[in-house]
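The two complexes that follow have subunit A in common; it is paired with subunit B in the first and with subunit C in the second.
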Partner chain A sequence: MKWLPAVASAVLAGLFTTTVSAADPVEIRMSWWGGDSRHKVTQDALKAFEAKNPGIKVKAEYTGWTGHLERITTQIAGGTEPDLMQINWPWLPLFSKRGDGFADLNELKDVLDLKQFSPEVLKTATIKGKLNGLPVSITGRVYMFNPVAFKKAGLDIPKSWDDMLAAAPAFKKVGADYYPFDTTDLNPWYAAVHYVTQMTGKSFIDPDSNEIAWTKDEVAKGLQFYVELEDKGVIPNYEKSSAEGGTKLELHQKKAWIEGKLGGSYEWDSVWAKFRDPLGPQQDLVPVKTLMFKGAKSEGLLRKPTMMFSVSKNSKHKKEAAILLNYLMNDPEAVKILGDSRGIPASKVAADMLVKEGLVNKQVAFAHDVIMNGDAPQLSTFFEHPKMQELYRSTMEQLSYRKISVKDAAARLVDEGGDILAKATR
Partner chain B sequence: MYENRLLGFTYVTPYVIGLLVFTAFPFLASLGLSFTEYNLIDPPYWVGLDNFEYMFFKDRVFWKSLSVTLLYVFMTVPLKLVFALYIAHILNFRLKGINLFRTAYYVPSILGGSVAIAVLWRYMFADYGVINLILGAVGIDPVPWFGQPGWALFTITLLRLWQFGSAMVIFLAALQNVPQSLYEAALIDGANKWQAFLKITVPLITPVIFFNFIMQLVQAFQEFNGPYIITGGGPLKATYLLPLYVYDAAFRDFEMGYGAALAWVLFTIVMVFTIIAFVTSKYWVFYSGDKRS
Partner chain C sequence: MHKTLVSQVSPEALAEMRRTERRQQINAAIRYAILIACGFAMIYPLLWLVGASFKSNREIFTEIGFLPLAPTFEGYVEGWKTSTEYTFGRFFLNTFVILIPKVLATAFSSVLVAYGFARFEFPGKKLLFAVLIGTLLLPNVVTRIPQYLLFRELGWLDSYLPLWVPQLFAVDAFFVFMLIQFLRGIPRDMEEAAMIDGCRPTQVLIHIVIPILKPAIISVCLFQFMWSMNDFLGPLIYISSVEKYPIALALKMSISVTESFEWNRILSMTVLALVPSLVVFFLAQKYFIEGISTTGLKG
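And then the complex of A and B:
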C-alpha cells in the first residue's frame, strides 16, 4: 500500500499547487480560520506587513471553522500546506506525534522574539524538545453567571459550590425548568474534571507520559458529584437538555439560556461574548473567581492554548514565515490592528499594549486574569483528542440516562481512555 | 466500420476516464485501505483483518449502529412505499387542478434532503417547537422528541417518510399505464374498488414496486444528512446510522482504514439485501408478456 499516499499526494499536488514565479519578492502562503471580523483585521495586518517588508508577499487563504481540519490534513498529506498555518492546539498530536510534523521554531530565534512568551506557554507547544508552534492566546474555563436569573430567584450570584447547591430549590420555585447552572455537551465532563482536579491537584492525563493520571476511585468521585448536581436539580440532565433541540444545539442557541432560565455555565473565557450576546441588554453575564470545592487542594483550573501558528516543515521560506509570525505576534502595529480577534494575546508585549490602550472588554479582561493568575496543572495535548472527547461524551450521556453506574462509567473512562492514549501515542 | 467504432470509443472516453479515476480507483483503494491503519499523515500500515476483527468482536458502537440502521431501514422503506403508492393512487383520480396537487406533493422530496430542512426539523420538534405547541393546544403533554432514544429515531424516520415524492411520481406514471379496460371488465364482473386495486393495480405495477423498493432500500442505508444535522446520532446513539459512523471514523478520528472497513461492511449489507430482493423477485414481480399468472 506504499504507492497509495504517493499517488494521492501526486493527484492533490497537481490540484492545489499554484504556480510560483521565481521573481524577486518571496511569496509565502498563510492560512487561518475564523469569522468575518478576524478575516478583515488579519488581511489589514498582512497589508501593513507587506508595506513594511517589500521583499515578502503574503498570499492569504482563509475559511470558516467548519472543515478546516479536513482541509489542513489533506494539504499536509499532499505536501501542499501553506508556509504559515493557524493550528488548533488539540490538533498538535494528530500532525506531530513525534515533534517533527512542523518546523522547529527554536531554530528561527534570530527573527522570532520568543522572549515575549513565558516558558510555560512555550512548553505547551513543545514536543520532544521541538517548538511546533507559537501559542496565540491562552484560554481557560471560567464560571459565568447571569445575575438577572439569580435575582429572579431572590439570590446573588454564587461564590462557592455550596451557594450553587443551595440555589437549586429557589430556582425551582420560579419554575420547573429553571436551573442555577447548565451543562451542555462536554460541560458535565469539564465540571467533573474540575472537581477532581481541585481534589487531587493533578490533571486527568499526565502531560509527560500521556497516561491517565487519576485512579478509578478519583474519577468516580467526580462522576458522583455530577450525578448529585442532577439529582438536586442544579443542572438539567441530558434528556432535558437534548430535548431542547438535539445534542447539536449549543447552549447559547438555546431558548432557556436566552430567556435566563439557566443561571450560568462553565465556559472558555475566550468565548464569553458568544454567550453574553444572546442575553441582550436586559441581562448580563458575569465571570467570577473560580468556585472552590470543600477540601480543595488547588484551584485546579483548566487552562490551555487556544490556537497556535506553525510553520510548515516543507516550507522553502521558513525565515520569511517566521518574520511574518513575529510581526503578527509582537509588532505594536500589528497588535493594534489585530486587537483581540484571536483572544487576549499570549505575547507579553501585545497583551500589555491591548490592556493599556483599552482595547479589551472589561469582563473579558477580568475572566482572563482569573485564568492567568490561578494555578492550573499542565494539560496534556491529548486531553482534547477527538477520540477522547467522544469517550467523555458517550460515557457522560450513558451516565445521565442511568444506563451505566458511576463505578462502571469511571472504569470505562480509565480503561478505554488508556487504550485510546496508548494507540494514539504509539 | 472500424472507424465508427473508434469514434464511439472517443465519445465514451471522458466518461470512462471519470469512472476509472473518480469511481473505480477510490472504490478499489478503499477496499485496500480497509486492511490498513491510515491517518492521512503517516503512510498506510497493513494490519490484515484487524479492523474487521475489532469491528465484529470488540466494537460496541458498531453493533449499536448496525441495529439502529436496520431498524431505520425496515421502518422507513415499507412505510414510505405504502405512503407513496397511496398518495399516487389519489393523485391518479381525474380532479380539477390535479397538477397543482401533484406538484405540491412532490416539493418535499426536492427540499427534503437539504440541510435547511433538517435544521427546520430540529426547530419544529424541539422542546419549545411548533409540534409540541400544537400538541399542547389539544391538551397533550410535550413530547421529548430528541430527549428519548425511541422518539428521536421516530423523528428522523418521519423526515424520510415526508420525502415520498420521487417514489410517488414513479408510481403515478405506472398507475397511468394500467389499462382502463381491465377496471371496466372487473367492474362488470362485480369487483369492488379494493379488489380491483389488489388484483389488477398491484400485480400490474409490481415491476415498479420492485424498482422503488430497491432504490429506497439503497438510499435508506445511506441516510446521513438528517441524523447528522438534527440529532448528531444521539441520544444514546439511537440515531447513529452507519454512514455517520463511517464519517466519524474517517474525518473525526482520522482512522481512514477503519472508516473504509465500515463502509465496506455497509456496502456488503446493502448488496446482500439487494440480492435477496432480486432472487425473490421472480415470485412476486410480473412483467408484461409474462406467462405466469
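And then the complex of A and C:
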C-alpha cells in the first residue's frame, strides 16, 4: 500500500488547484503618469502588494505626463477607465463637476483608513459631500534661494521682501543679467497673488462659491507690486525672459539659473529636486520661511493637493481598488518603497515614517514643514483651471510689455475671470 | 592639338578667358558657401540631437556646441534599459508589429479605392468623391470619441486592431486622393488594349495599373510608415498595456512635470528611433521623389 499516500496527495493536490482556480485572482487596473523613478518604485510597490494579497492582481498602465489627460478623458468618456487612477487635482472639476464623476471613497471606509488624512486635506477632494479622491501629497509655494548667487553680490539670502528689494542693486553690480529673483511663466502672477493674499487673508477665488473674492483694487495692488519688482530690477521682465529662451522655460533648463545668475524663485516645494539638481555640487538651493510683506495680515500661503488617487465609479472591483489604495498610502512597506516619488505623503503615518527613516531630503522636509504649518486660505479647484491659467498668462504678459495699465489688467482679471468661472461652474 | 589651339589665341583673349574662369570660380564659391551655410543651419538641430545624445545631462543645457566635451554612452545604455520591465528593443518590435500590417493595409485599400474612382463611372460618384475629400478636411478630434466607443463595443481596446483595421477601409483620404491624381495623369490606352484582349478589371488592376502606380504606391507606404512611426495619440488612447507600447509612447514615458529627468537618455533613444525612418527613406528615395513629382501631371 505504498502508493496510497502518493495517490492521496495527488488527489488532494488536484482538489487544491481546483479550489485556487475557482477563486481566480481579481485583476484590477491602475494608471499613473510620471518619470523614470516613479515608474520604478511604483512597479516595485505593486509587486510587493501582489505578494501580500494573492487574491488581487494589478495591471499597471503608466505613461509620461504628455497626453495623459487626453488618454484619461477618452477612457472616462468611454467608461473604460482603470479601477484606480492618479488624477491631477486641477482635473477634478473637469471630471466631477457635481461630485459624481468618481466613486465616493467615504463608502469604502472599512478598507480605507481615512483617519490618516486631516479633515482639511480631505476637504480639498470633496465635492458635494462626496470624497472623489485621496490626495497623495500636499504642495505649496515656497521661496528658495541659491546662496552662492547671493554671495557673489556680497549678501546673505533674504529674510523679507525688503531684503529682496534691497538686493537688486547689488546684483546689478555683479552683472547686468544678474537678478535676485526669477519669474518663470506664471510665477509673476503667483508672487502678486501671494502679496494680495497676505494683505487680505483671502484666496483669489472663493472655494465655496467659486467666484472671484478680490476687488479690482486689491488685484491692482498686487499687480502694482509686480510692476515695482520689474522697475527696480528685482526680476527680469518678459522681454528679457523671452530673449533667454522663452518665458515658459523652466528654471532647470535655464542657463542663467544653472550658472547662478538668478538668486531664487517662488516654487512648489515638490519641484525642489528638479531645480536643485542642475546646480551641481558647488551651488545649493535653500528653501526659507515664507517672506512677509509689510503690513501682512497672514502668511497667505498657496497650498494645494498635488494629485489624488481616485477609484472609477464604473469599477467592478471598487473594494479591491480601495485595498490597493490603502496599501499604497498607509502601509509601512509600501511607504518605504515609494518614498517621496509623489511628494511628501499627505497620510500622517506615511509622512512620519519617511521623516523618521530619513528617506526625505532635509531641505525638502523643511520646505514641507513651512507649508504644512503655515496658514493658507483654502484654494479653489478652479484657481488652476486651464482657462484661468491662460488668462493669468496673457494678462501678465501684456502688463509686462506695458500694453495695458495696472488698472485695466486688474479689471480684466476680475471681469474675464468671473466669466470663465461662471461658465465652468454652470 | 590642344596646345596649338591655345597658342593661336592672342594673349589678351587668353587673359580674358582666365578672368572669366576665375570669376565663375569665385561666383561658384560664394554660392556654395551660402548654400552650405543655410544647409548647415537647417541640419544643425539634427546634429545637435546626435551630439547631445553623447553628453551628460548637465552639459546639455549649459553648452551650446554640439560636440560633447566628455562623450559618454551612458544615455544609450541607461535609455535602452528604460524604467519599465522591458528594454527599448521591445518597443521597437511593437512599433514594427503595428507598422507593417498598417502600411500594407493602407497600400491595398487606397489603390483599390483610387482605381475605382479614377476609372469607373457609377451613380453618385461625384457625391461620394466629395464625401471622401470632406473626410480629408475633417479634424481627427471630432471622430475620436465615437471611434473609441465603437472599438470598445467590438472589444478591441488594448489591442492593435484599432490601429490596423481602419486602414483596410482606406480611411486616409489623402492617400486615395494622391493616387487618383496620379492615375488621372496616365493615359488609358494600355488598359483599353488589355480590356480588348479580354482582361477583366481585376486583371487590369494587377497587371497594368499596379505596375504603373508603383512609384506612387511606394510614396504612400513611405508616408504611412513615417506618420505611423510618429503617431502618438492613436496608441496612447487605444493601448493601455505597457508591454504593447510603441516607440512614440515609450519615448515620452520618462518625461514628467515634477521630476527632473535624464534628457540624454531620451535624446539617445530619439536618435535610435530616427534610424528606421531614415533607412527606409534612403532605400526608397528614388521612387519616393518620382511618386510625388508625377502626381497631377496631365497625360
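Methods note: the second predicted complex is superposed on the first by the 401 of 426 C-alpha atoms of A that agree within 3 Å, B and C clash if a C-alpha of one lies under 4 Å from a C-alpha of the other, contacts with A are read in each partner's own complex, and residues count from 1 in each chain.
We adopt the following convention: a contact is a pair of C-beta atoms (placed from the backbone, for glycine too) under 8 Å apart; a residue touches a chain by one contact, two chains touch by 3 or more.
Because the structure is a prediction, the values reported are computed rather than measured.
A.B. asks: Would subunit B and subunit C fit next to each other on subunit A once aligned, or clash?
C.D. replies: Aligned on subunit A, subunit C clashes with subunit B.
A.B. asks: Name the contact category of A:Phe204: first (subunit B only), second (subunit C only), both, or neither.
C.D. replies: It touches nothing on subunit B or subunit C.
A.B. asks: In the superposed arrangement, does A:Arg38 touch subunit B (first), subunit C (second), both or neither?
C.D. replies: second
A.B. asks: Just checking: does A:Glu70 make contact with subunit B only, subunit C only, both, or neither of them? Give me first, second, both or neither.
C.D. replies: Both partners, subunit B and subunit C.
A.B. asks: If we overlay the two complexes on their shared chain A, which of subunit B and subunit C does A:Tyr401 touch? Say first, second, both or neither.
C.D. replies: first
A.B. asks: With the two complexes superposed on chain A, say which partner A:Glu244 touches: subunit B (first), subunit C (second), both, or neither.
C.D. replies: A:Glu244 sits against subunit B, while subunit C stays out of touch.
A.B. asks: After lining up the shared chain so the two structures overlap, which partner does A:Gly101 touch, if you call subunit B first and subunit C second: first, second, both or neither?
C.D. replies: After superposition on chain A, A:Gly101 lies in contact with subunit B alone.
A.B. asks: Please work out whether A:Phe181 is in contact with subunit B alone, subunit C alone, both, or neither, and reply first, second, both or neither.
C.D. replies: neither
A.B. asks: When the two structures are overlaid on chain A, which partner does A:Lys255 contact: first (subunit B), second (subunit C), both, or neither?
C.D. replies: Touch partners of A:Lys255: subunit B and subunit C.
A.B. asks: Which chain, subunit B or subunit C, ends up touching more residues of subunit A in the combined arrangement?
C.D. replies: Partner with more touched residues of subunit A: C.
A.B. asks: Kindly classify A:Glu390 by the partners it touches after superposition: subunit B alone (first), subunit C alone (second), both, or neither?
C.D. replies: Once the two structures are laid over each other on A, A:Glu390 reaches subunit B alone.
A.B. asks: Identify which of the listed stretches of subunit C (7-15, 79-87 or 169-177) has C-alpha atoms clashing with subunit B after the superposition.
C.D. replies: 169-177
A.B. asks: Please report the subunit A residues shared by its interface with subunit B and its interface with subunit C.
C.D. replies: Common interface on subunit A, subunit B vs subunit C: 70, 74, 77, 255.
A.B. asks: Report the residues of subunit B in contact with subunit A in the complex, numbered from low to high.
C.D. replies: 29, 32-33, 36, 38-41, 43-44, 46, 61, 122-123, 126-129, 144-148, 229-237, 248, 251-254
A.B. asks: Residue numbers of subunit A touching subunit C in their complex, please.
C.D. replies: 29, 31, 33-40, 43, 59-67, 70-71, 74-75, 77-80, 82, 252-255, 258-259, 268, 270-271, 273-274, 277-278, 280, 306, 343
A.B. asks: Sort out for me which residues of subunit C touch subunit A in the complex.
C.D. replies: Residues of subunit C touching subunit A: 58, 61-62, 82-85, 144-145, 148-149, 152, 157, 232-233, 236-237, 240-242, 249, 252-262, 265.
A.B. asks: Inside the complex, what are the residues of subunit A that reach subunit B?
C.D. replies: 1-2, 4-5, 70, 73-74, 76-77, 94-95, 101, 238-240, 242-249, 255, 386-387, 390, 394, 397-398, 401, 403
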